[in-house]
Amino acid sequence: MLAMVLLAPMLLWIVAFFILPTALMIWESFAERGLAPYAAILTSPIYRKVLLTTLKICLITTSGSLLLGYPVAYMLTTCRPALRKLLLVLVVLPYWLDLIVRSYSWMILLGRHGLINQLVVGLGFSEGALPLLYNLFSVCLGMVQILLPLTILTLFSAMLRIDLRLVDAAAIHGASRWRAFLTVFLPLSLPGIYAAGLLVFVSALGFYVTPALLGGPEQTMISQTIMVIASDLLDWPLASAAGALLLVVTTCLLLVYSRFFRLDRMLGGVAR
Amino acid sequence: MGLAAPGREDRRAAEAGVEVRLDRLTKLFGAITAVDEISLTIPAGSFVTLLGPSGSGKTTTLNLIAGFLTPDGGDISFDGQAVGAVPPHRRNIGMVFQSYALFPHMTVFGNVAYPLRMRERPGRAHLAARVGETLAMVGLSGLEHRYPRQLSGGQQQRVAMARALVSRPRLLLMDEPLGALDKKLRERLQGEIKQLHRQIGSTFVYVTHDQTEALTMSDMVVVMHDSRIVQVGSPRAVYEAPVNAFVADFLGGANLLPGEVLARQHACYAVRIPNGEVVAVPHLGGSLVAGSAVTVFVRPEDIRIGASAASAESQVATPAVIREILYVGEAFRVTAMIGDQPIVVRAHRTEAQQVEIGRTVSVAWPTERSRALDVTT
Amino acid sequence: MRVGSAALKGVTGLVLLFLLFPVLVVVLISFSSVDFLSFPPPGLSLRWYRTIFSDWQWIDAFWVTAQVGALTALLSTLLGVPAAFALSRHVTRGRGMLNALVLAALVTPSVIKALAIYLYYVPLGLLNTIPGLAFAHTVSGIPFVVINVVASLAGYDRDIERAATIHGASPVRAVFGVTLPIIAPAIIVGAVFAFMQSAQELLIAIFVLSTLQKPLAVKLWEGVRVAIDPSIAAATTSVTLLVILGLVTVMLANRRSRPVRTVAHA
């Protein structure tokens, strides 16, 4: 009873400003032309390519984030409390800078006359400037940078639950440090890897700013396409259908996530 | 289950303390019965300890008295008034929590003043006086402006005591209040708590799993096991005359020898013990018949051994083979075999020096210090 | 540290460098003394901050973002805190579904929310209104408050609230006088995060507030497309500095009410 009173305002709000609008969007996608918009998206080679590109970028970004984030999360788990505090502040720090500007800074760094190319040419590694911008590499680099804090915090909150004495126990029973890590810590941290992977993948699916700024036409992601259909082509049923398809994918992944992981473990309670 | 008729001192206590009566109180957590139809009268102004292993229902009972839990059956009354419908904040109780549960965002003064601010609307001078007085009682004067995290464990415990006492509640509940402290400090605070009880005369209900604490502090010990009360009595009664093997063992080292009743005589049973000998054990009105299995209970400190056993005026003496002699500081712990059953003897230095492992010696105890425990209870 | 200590430190350092370098670039460029984007800047000055704060378009953008963000943070807190109490204390059945719903509100792609809210607002007349944008942003703000408060309540010793109750406080008074002050830092952090996500959100802002008023994110987005001078770096850094000021306040609040350290519950 009390639970309902406390939950009702939030639930009503989410229904009014999230569920109902989304339902309206789905209805809109069928309203005028029935299934035709869906058929258009799934059969047109252009949209199919965008879907595949989106999946490819998300997979690369997720793997990259996990690879780079894991050592940092492990360091956070095993280091002294004072150092941990400092590292946590540093990890969360980029979040405070605007998302758009974080991608923009890569444009400055990776451009033809950017810092990286100045170094590469200046040190004689290459004759001319390297094409570092507007390709798959720059998009993934920018996205990994943005998604790393989420990855690290999710991995860290899962690793905190591992009893580090188990690693000591493995060592005392003859495992080298490296083997103890591989046979004890790594398997125990797998749930964290799955949780972080799912969450990062779902977040990556909706990226708009980074691929628009750092990618070329070849790296167009689904959010950009939906924006173009809606605001340039003004084809609302088609945009809605594309949105509905994206929604189905993210919802399925989220249901998998919440089936296995609890909400309060997410982000380790952000900045604690 | 009440105590003897109140004496003069008890009458004074009855004004300051409340009588708590539990009547067939039951609490379920899902399929688990945490408290199973317990009935108990806690006399006004007494110091009563609920003693039992973890999971015996003692903390649940305390939380039912506090009103944090609603019983699934039975009643609780204070001075004959049912309190089932009274929420915790109107029960006028003081409570000391195991984790102390001090308010981290308030100073010592704020913590101790809290119950007064909630229950009365005291003037500033009155408030300061009452808080100062209470802090002096627990020996914390001068720490008013510290925050709980700036205090040692013992000081935090005292703040928790002061907060519970400041509004002079007629009932004080304590849930393992000394569990987090080291042994020395614990012993000192046991004395201080007892002193406070004598000073203010409220009813104290104290939960612990530490039998020494229960025996030292209480007027009345309530032993709980498996969600039920197994014995209620004075510390001496539960220690010296346990009703069953569980109580005997839980309250301290106990020798429990399996035996068989051969006959019921005028004051004693004749019991055959594992070495084949027949010993006398007081029956105290028990009704075991010849042939029934029985457990003979004797405390290790009541048994004498070797030459001192022979010279003592023991009424039971029987041969035993020494198996082990352990030095435990203030005494020796000697294990001897009576037949195939070990008994433990707490031996003085002089006794221990007279025995050797493997020797057969005489062990003896006063008949009235032993008990025949019915194996079925 | 256990495995390959030095290597681990090295890798961690490099990852942190990668994470923080773009931030450093933007902050430094905002203090650049020249007209073009170059890193490292040849000289330092405050000229771009002067430019920003004397331009009415930028000042308007700041003001719009401040209003939308503040309203979002307020609504998210008012709706999220009670829900977090319910989730961590009272809800037993349907917990998984509620978790999934809150999570969905957070990570559903912006483009879906933007499209859906636009179609929804057209008949409601909420387009081009500041509350309209804040109402939509609140959906993504609530999860930050809920997640933080649920985590904080999980680490909160409920005996502290019981102690208030048994010593005479009514249950409501115990929550407001004792529990809320203790978990306040988590609530504030949640609210600040809700503000930040509102300030950084672009797509919903484009759809809801496109014509008349432009919030900062939209202004920045238009700025980076032309990207000729360091003014957008200065604009962003100003917001960040303001928010970090807020965060420092939070941390100071946090210092005051650190939980009591006891050896109990060892």
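Structural remarks
Order of writing sets the chain letters: A, B and C. Residues in each chain are counted from 1.
Assume a contact is a pair of C-beta atoms (placed from the backbone, for glycine too) under 8 Å apart; a residue touches a chain by one contact, two chains touch by 3 or more.
All values derive from a computational prediction rather than experimental measurement.
Distances between chain centres, each the mean of the C-alpha atoms, put B farthest from chain C. Just count the C-beta contacts per chain pair and the biggest one is A-C.
Geometrically, the chain at the heart of the complex, using CA-atom means, is C. Separating the centre of chain A from that of chain C, both taken as means of CA atoms, is a distance of 17 Å. Remark: chain A and chain B have CA centroids separated by 58 Å (rounded to whole angstrom). One finds 54 Å separating the Cα centroids of chain B and chain C. Every residue of chain C that touches chain A in the complex is listed here, in rising order: 1-4, 8-9, 11-12, 15-16, 18-23, 25-27, 29, 37-40, 75, 78-80, 82-83, 85-91, 96, 98-105, 107-113, 115-120, 135-136, 138-139, 142, 144, 146-148, 150-152, 154, 186, 189-190, 193, 196, 199-200, 202-203, 206, 216-217, 220-221, 224, 227, 232-233, 236-237, 239-240, 243-244, 247.
On the chain A side of its complex with chain C, the touching residues are 2-7, 9-11, 13-14, 17-18, 20-22, 24-25, 28, 68-69, 71-72, 74-75, 78-79, 87, 90-91, 93-109, 113-115, 145, 148-149, 164, 167, 177-178, 180-181, 185, 199, 202-203, 205-206, 208-209, 213, 222-223, 226-227, 230-231, 236, 239-240, 243, 246-247, 250-251, 254-255, 257-259, 262-272. Remark: chain C residues 157, 159-160, 162-171, 173-174, 178, 181-182, 256-266 touch chain B in the complex. Per the touch definition, chain B reaches chain C in the complex via residues 66-68, 87-89, 91-95, 97-105, 114-115, 118-119, 148-149, 153, 156, 163-164, 167, 173, 179-181.
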